[in-house]
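First chain written, first letter: the chains are A, B, C and D, and each begins at residue 1.
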Amino acid sequence: MIWSPPAYAWPAGKQAAACFSVDVDADAPYLWATRNGRSNTLAVPEHRSYGMRRGMARLVNLLDRLNIKGSFFVPGGVAEANPDLLPGLLERGHEIALHGYGHELVNDISDQEFTEALEQSIELFVKQTGQRPAGFRSPAWEMTPHMLAELGRLGLWDSSLMGDDVPYTLQDISEIPVRWDIDDAIYFKFLGAGEAPPRSHLEIGAVWHSEAQAALRHGTLFMMTIHDWICTRPARIEMLEALWRPIVENDGFWCATCGALAAHHTRHVEDSHTPNDQGIS
Amino acid sequence: MIWSPPAYAWPAGKQAAACFSVDVDADAPYLWATRNGRSNTLAVPEHRSYGMRRGMARLVNLLDRLNIKGSFFVPGGVAEANPDLLPGLLERGHEIALHGYGHELVNDISDQEFTEALEQSIELFVKQTGQRPAGFRSPAWEMTPHMLAELGRLGLWDSSLMGDDVPYTLQDISEIPVRWDIDDAIYFKFLGAGEAPPRSHLEIGAVWHSEAQAALRHGTLFMMTIHDWICTRPARIEMLEALWRPIVENDGFWCATCGALAAHHTRHVEDSHTPNDQGIS
Amino acid sequence: MIWSPPAYAWPAGKQAAACFSVDVDADAPYLWATRNGRSNTLAVPEHRSYGMRRGMARLVNLLDRLNIKGSFFVPGGVAEANPDLLPGLLERGHEIALHGYGHELVNDISDQEFTEALEQSIELFVKQTGQRPAGFRSPAWEMTPHMLAELGRLGLWDSSLMGDDVPYTLQDISEIPVRWDIDDAIYFKFLGAGEAPPRSHLEIGAVWHSEAQAALRHGTLFMMTIHDWICTRPARIEMLEALWRPIVENDGFWCATCGALAAHHTRHVEDSHTPNDQGIS
Amino acid sequence: MIWSPPAYAWPAGKQAAACFSVDVDADAPYLWATRNGRSNTLAVPEHRSYGMRRGMARLVNLLDRLNIKGSFFVPGGVAEANPDLLPGLLERGHEIALHGYGHELVNDISDQEFTEALEQSIELFVKQTGQRPAGFRSPAWEMTPHMLAELGRLGLWDSSLMGDDVPYTLQDISEIPVRWDIDDAIYFKFLGAGEAPPRSHLEIGAVWHSEAQAALRHGTLFMMTIHDWICTRPARIEMLEALWRPIVENDGFWCATCGALAAHHTRHVEDSHTPNDQGIS
């Protein structure tokens, strides 16, 4: 119970932060869900291929127009199947980070399998880009103490949990919190009859705009997450542009990658000499 | 069948009432649901910790700005885990009331277990605050005749049912009725993929505003219920402020806690010498 | 396949029709669903009692202000438990009609049980009001050929199906068609956690207004159905008033009860000497 | 991974394309779902008969007012039960194409059963119209490599998948992509209690308008799909008119049938001598 939590210390002159993050899932969740037996139906894999065929190009062009850098979380398997993906993103100045190897769901795997997938992904990133990734986001945004411990062992930040609305520290890991309510998949993902129909991008754009402007007034982090094949349809891309234009044009916002946020948080915690581990008590 | 129910007698000069109530569930429903075996996953408990880390402070600040007192229903277990919660709320002038010990669901427990949880909660409230609580709200808003009888035995009012839109009497208990459609959880609670996505706080704010203004014209009680970790995100707090500003500024509204409403109802029933037990016939 | 269906012949000077219908279910569906064993929980029956305590009075007052007559479909059991309900509605000039005895669901009962419930309901209506009801609406809007045959045998019209948007004839029965999308229950009914949350009455009011105005331009029947305990909360009653005000003020609309529509349809069919049985082929 | 996909080459002077497609399902999905045993209940078949009784006429009148031609996908069984359907559509200048025989769902049938249903449907189309259909859309929009191969063998284009937002080539078949989010059924189809309630046609009309205008700016195909009995209620027809009026009045849009799009795509691919098979890799 923190009755008067101190305002988070953003870089000088900044009132709040905003991060444009992308979970580049492509067909990885489909391959994971059907790993024990796959039918030969094409609707879902074709639908999920939209990002690689069309959506990613539209997205990086949008980021260029906005003049900001995105944080792209890429499963190892997606990088392997699309070998110019990681180099192409780095070349354009974006951040790339880990997102499992095969989009493994935490409840489906053992601790050891998690560690293996993590190390295998790091190896692939190094091989494809020559660089070691600095951060991780869990597929489906689930974590365990083992996973946090492994991130700590490998010196990685995390961006998977939502216990606060500013960066915080959990098991000595810098946590850059996400938000389900600013994720495109829960509103727009639709892969077949029986699922809840997509919500209006006009409505969700207004909700997210309201959250971004409130973040500015409350000094919090506006963390948005979209997916390569979902929020890249023409009208949704235009919604994103309308959402982000007032953010990038407002000097009060620090538009930062997850990595920049984590680095700032680490310095901030060290500077204050007050470890703010607000873990589960 | 009441063809011409009399207008409810609010205090002199008041046309309607409004109550800002908070069910401070924190992680209690999660602990209850997993009481027989808990995985080590962190997403849900971290998400639910948002209220204690961040949301509650934002909420009491909002109530200060609005200059009204809230009614906070707190499970015993949440008070135990956060020992400055009840004293902190009382110190700020808010009402605290009972909400089960471990957020026990009525269908999961026996009559005796209900009574034990109720008495154990009262004991804890007295121990932490020196005061005996005066009212109760059932976890998940379910009641039985046994529960009503126990509230009667212990001299408590209830706020769990929705058979009317003004205070009423049921088994000699003052019932301060709630409304599912003015509860934040059914619209905004989202704990993981597969659940219905959150609704727009802009849309729900407009719906609630419409209900509040209609309450004024119909002489009813506008009873709103929110939760510590759900409606405390920045933009939702701003929605609440926009909703309540015209309520508190309208002299026709009696902004009252559940306890004040129950005390008024008891006097009203006694004064009229007409017991209006409108129980199930 | 009717490429050019003729315009429906409304009474002279009228372009379209509108009907304000009410399914007075009260607690009947709950009693039916729990007929083989009922817990002692109070939330659902209390919630469903709102219509009899509060909603029905508000509704008949609204109809008085609008100066129109409603069509009230009342299960026999609800009439039995509320003996001044049918007489009270008749006294105010409204239409009352059949809606099963215990809100029996078609898939739960035999043909014979349907017939018994129907005859038992007619008997009760006659006993309580001295009048024989002229029409029927099936609980949950399901029908069978047996049910239509029984309505024919007893000389009753039906209002349960949606194969057209003007009155039509099916198995020689006048069918006054309903519409799921202009029913309050599918949007607003909410009886407990896990159900889909209520939709905005502001949004649904706009949808229904759009349908009413389109009915005028297309010469169809705007058939609205609400329930005693659902659409009678203050703001929803105000939505209904805003919806119906432009309907009753437009001379192009024939505001009629189901019975008046059925009587018109019978005359219309007889006059044209062209039976338009558009049954299932 | 295509970082800079070339703009699709629409006919001279056109920036984008728009297609008004109709899946004329009528009662075929109901007959398929109940093929192993049908109750005698009438609600669903009556509701589904609305298109043949009323909706189709309203739809072809709308297309006449808009002065465009639609692409109608008709299951063989629906054509057989309504023998003036295919000739009537052809007479008005619309395109008719294949949609299974009994709206067979891909997961319910063998490869051989698919082939038989396809050949049987072609035979019926030829018998009823004297013309051989040129294209296919799968019931429920699912495909397999076998189905694509059979379309290739029979010289048919396909319109069932969504891997791009312009026509593309898959297994040498011209694919005219569909979109779940511009389909009326997922938003408006409602056949009984327990289903998700219909969304507002005002909201969906705004979403689709936004997508159509974005298609113009992004050079993509605006492919809309509606159903005979769903989007033909009066207010939804008016929504469609308001949606399509600015499309047909904008010279930048090429309003084309699926067949015209497929023919253009074939010429385009042949002209460029660059087969753009963007199949699953």
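To be clear about the criterion, a residue touches a chain if its C-beta (ideal position, glycine included) is under 8 Å from a C-beta of that chain, and two chains touch if they have at least 3 such contacts.
Fair warning: this is a prediction, and the values are worked out from it, not measured in the lab.
Undergrad: In the touch network of chains, how many steps separate chain B from chain D on the shortest route?
TA: Tracing touching chains, the least step count from chain B to chain D comes to 2.
Undergrad: Need the CA-centroid distance for the pair chain A / chain B, whole Å please.
TA: 36
Undergrad: Which chain B residues touch at least two other chains?
TA: 196, 203
Undergrad: What topology does the chain contact graph adopt: line, ring, star, complete, or other?
TA: Here the contact pattern is a ring, one closed loop where every chain has two partners.
Undergrad: Which residues of chain D touch chain A in the complex?
TA: 1-5, 106-107, 140-146, 148, 160-165, 168, 170, 179-181, 185-187, 196, 199, 203-204, 206-207, 210-211, 213-215, 217-218, 220, 278, 280-281
Undergrad: Within their complex, state which residues of chain D touch chain C.
TA: Its residues touching chain C are 39-43, 45-47, 49-50, 52-54, 56-58, 60, 81-82, 84-85, 88, 188, 190-193, 196-198, 200-203, 233-235, 237-238.
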